[in-house]
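Got some structures for you, see below.
The following pair of complexes shares a single chain, subunit A, combined with subunit B in the former and subunit C in the latter.
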Partner chain A sequence: MADGLLVYWRLASASVRAHMRRPVFLAVRTVAAGLIVAVEVAGVVLLLDRFGTIGGWRAPEVMLLFGLAFASQGLALTFGNRLEADNLSLLVRKGTFDQVLTRPVSPLGWLVASYVDARFLGRLLAGLGAVAWAADRAGVAWTPGRVGLAAMAVVCAASVIFAVLLLAAAFTFVTVQGTEAVNVLVYGGTYLASYPMQIYGSALRLVFVWVVPVALAIYVPALVLLGRQGPPGLPAWLAWLTVPVSAGFLALGGLAWRSGVRHYVGAGS
Partner chain B sequence: MCAYWAMLLAGFRRQATYRLAMVSGLATNAFFGVVRTAIFLALYRQRDQVGGLDVRDALTYVWLLEALFGVIWVSWIWETAESIRSGDFVIELLRPGDPYLRLLAFDLGRTLNLLAVRALPPLTVAWLVLPLRLPGSPAGLALLALSCVLAAVAGFQARFLFGAAAFWTPDYRSVWMLVFPAVWLASGFMIPVDYFPAALRLAASASPMFALVMAPVRVATGRSVGLALASQVLWVAGLWAAGRLVLALAGRRLVVHGG
Partner chain C sequence: MTAMIPEGFGRRGPGNPEGVPRSDGPQGGAPIIEVEGLRKGFRTRGGPVEAVAGIDFRVAAGEFVGYAGPNGAGKSTTVKMMSGILVPSSGRVLVDGLVPSRERRRLARRIGVVFGQRSQLWWDLPLRESFELVGHLYRIPAADRQRRLARLDEALGLGKLLQTPVRSLSLGQRMRAELAAAVLPAPRVLFLDEPTIGLDVEAKAAVRDFLRELNRVEGTTVILTTHDLDDITRLCSRLMIIDRGRLIYDGTVEELRSAYGTTRVLVVDLVEDEPVEVSGATVARVEGRRRWLEFARDEVSAAELVARVLAGHEVADLTLEEPDIEDIVRRIYRGERLP
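Take a look at the complex of A and B:
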């Protein structure tokens, strides 16, 4: 077991070192990833500056949701970017995945560890920065418990996004060509979860709280952090469900991935 | 002229073959459209008019944005840059006729297909279900169609200029990622520029990015239609000149490796 983990650690550090070899490239990409978060945040500030509130939430409170959403997206993509439809589709078509299967490591572990992309850390860091800034403006007093809750929210939401990537990857093994529709869940889901859930209809709420629980992992912990009650049917005390539900969804993604790999037939000659 | 027309038709037909991509693109736009609709309905629950837009204008903005999204940020966005980096672009320079016009004709064929299959259906459905503010007269609709085509042309020209960064650096994506946040904000793809503070709004309205989505929104909602169309024509001409200049400069420094 320890030996196995060591392999992944070495693969991951090798891929990080590979990025480090081009420090300017790494710096530019990290800054750019942070910039896009900054502009998105500026967009919400401009919007709520004009409108005052949305669904009864003020700008700093909405910003907390944005920060949590961006941070979890950054964390999930740091490890899972190779699972994105376009990237995986390329591995399948070039036959690289055939080689992966012959290696004495788990294919998923190999993919995740050898393509750790430090550039997405820019998104994670900028997201965390937004959380800190928003919490300060919203008057959240940081206690160890609240820090733990925020960290749990980011890790759980990232697991859900990672699981979506796994499901999409399993699908890509079948279609070979990746599909853009996955973006609905990866980017659309976090976009949706960046606004308070009470503004959505019951169908959207049901899907993103209970089926693809990205909103459960972002919105409900944010309710607790902000000391809010939450709308009917989505009370703050559901926060304790975040971990088991996200873990369950991650397990589902894992099962889909395994079934995808089992049904994989090469696409090359 | 005939050759460019043929390129345009070929582009149209080529795009028509990607059916799965079309369906998943439609699903993506529909989803974001629904979420944005919920956001703007919630925002306007307490206000009647903000930045000169009422809720009908805002919903029109949302669905025009979704309609034009795939037309501006096309799925083949890196094609020119990749062909420059790999050296394949040299073939474009060897072919008869004008390379810029040929690329434009082919690209416009593809984006016209997207306008027909990815822009028109969601916009029509949204118009049936939601209180959008679209032109009521055939002349108004014709102007909106013209504005969308001008947006597609300006979109190609902007993409060409960004792709042309590959003539100077192999890491053209970093260049793009650094300018993208500003483009994203100024183009109005995130929030309508009408909500910006005065100075920022003026800068965004005077930038070429205005031609991409904000000008069609103006034409659709019937606010300063003439000005919006004039600025689109002006920017198409301006970007045209810039694109040709870049191509002339780049043609002189293009080095092709290999035998």
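Take a look at the complex of A and C:
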């Protein structure tokens, strides 16, 4: 097992070394990624500055929610950006994925390890920074339990986003085309989860809590952190369900991936 | 450049851990590849397409098989099913005793796959690192890897290239590197897809010499998909031709030549520009004083025809053209059946 993981570690470090050999390219990409993060954070800050409260939540409380969502998106994309529809579709069309399948390794492990993307760590760090900043102002006293809860929220939500990427990848294998719809879930879902659930209609809430449980993983733990009661239908005790529901969703993504690989059609000759 | 691989060259490896010399030759050897009633269909915008429409064959260990066919005939699809990339719609594939789609990772340790137009190497890293990574992926102990690499270096001349990033290699250099990486784990079966495409004459020769020696010395079974019929006539003991998803020929190159290549051509350079009429042959082409006389192999021998020509004409020079395998295959693709 440890021996097996070592191979993926070597693949990841080879990919990092490859990037290091192109310092200018790396620098430009890093700066660009940093700018995007800065713009997105500034957008939320401006919005909160203008409105003060959103759905009855004070600015630092919303900031906490945003930080959790942003961090989990960063975590998921660090490992899963290559699974994103357009990227994967390119690997399929170029025949790269054919070659991955001729290697004695897990194709998912290969893709994750070979394309670990440190750019998205910026998102993770900015998100965690926002959580730290906001918690202080929202009156959250950090205890080991609360730190654990926040970490759980980030990891669970990241798993859900990763699972969405896996589901999308399964479609890409069959259709070869990238599916734009996925970006709606990956980016739109985390964007939605950045704001209190009560501002959304019940249909939207239902989708992001129970169908693609990204809001369940972020919003409900945040309720507990902030000592708030949720809107009807979203009580704080649901936080207990975060881990099993996200794990289940991740398992679903894994099954879809496997089925996708079995139905892989490649890209012509 | 001749690439001689020393005897005993890396007989040990994941595919052959005991280092047992392989004696099972093309004839009588146990089949290493078995394909039965193999089919693969795809759904396309224009409706369902059957890329492989029921093919059967067996390949004995140590055979060197050329696999040819026009574009879209189903060559790649077959190879992808044998290497575990695609799951067959129906039928059976067995490679070295394994079902590729179900035991893909185990099979991957015993086969090598080279796609001529794509790289298996790590593009931005020095070539040396690709070999190290392949060593780790296939769990080849470092000492074994070094030993085998040293021998491959002898055969393929890689030494000077090891520090060069793969993206800076020429196509010929890269193809040698791809082959080395593919055979580093000592695969039992090597699948090659257009390994000489785009290479110059010298690089082609280097690749062919290497493959011939690999097959001879290590007994590696090679399945070579190519449009280059020169590759096939120079390397393969057996040729399979696929068209529209079905095997339309499976035999030796010689058999193909004698079965289809019934028409030979005698090229005659006359001293005088005069009309030629010889029984048993027809004039296929005229160019100045040169005449191309087509005749059927089973109707008249070349010697007899030459005698007939000489009897009626003064001749400056003669050449005999044997049927070109390329011509024959082109005719088969066009749908000509066996005479």
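In this text, the second predicted complex is superposed on the first by the 251 of 269 C-alpha atoms of A that agree within 3 Å, B and C clash if a C-alpha of one lies under 4 Å from a C-alpha of the other, contacts with A are read in each partner's own complex, and residues count from 1 in each chain.
What we mean here is this: contacts are C-beta pairs under 8 Å (C-beta built on N, C-alpha and C of every residue); 3 or more make two chains touch, one makes a residue touch a chain.
All values derive from a computational prediction rather than experimental measurement.
In the overlay built on the shared chain, the residue A:28 is in contact with subunit B alone; subunit C does not reach it. With both structures placed on the common chain, the touch criterion links A:84 to neither subunit B nor subunit C. Of the two partner chains, subunit B is the only one touched by A:46; subunit C is not.
Once chain A of one complex is fitted onto chain A of the other, the partner contacts of A:61 are absent, as it touches neither subunit B nor subunit C.
In the superposition on chain A, A:38 makes contact with subunit B only, while subunit C stays out of contact range. Looking at the shared chain after the overlay, A:201 reaches subunit B, while subunit C stays out of its contact range.
By the touch criterion given at the top, residues 42, 71-72, 75-77, 80, 83-87, 101, 104-106, 108-109, 111, 113, 115, 117-118, 120, 122-125, 129, 133, 136-139, 165 of subunit C touch subunit A in their complex.
Contact residues on subunit B toward subunit A in their complex (touch as defined above): 20-21, 23-25, 27-28, 31-32, 34-35, 38-39, 41-43, 46-47, 50-51, 75, 171, 174, 177-178, 180-182, 184-185, 190-191, 195-197. Interface residues of subunit A, counted against subunit B in their complex, comprise 25, 28-29, 31-33, 35-36, 38-40, 42-43, 46-47, 50-55, 175, 177, 179-181, 183-184, 188, 191-192, 195, 199-201, 204.
Within the complex, the subunit A residues that touch subunit C are 3, 6-7, 10-11, 14, 17-19, 21-22, 94-96, 98-99, 101-106, 262-266, 268-269.
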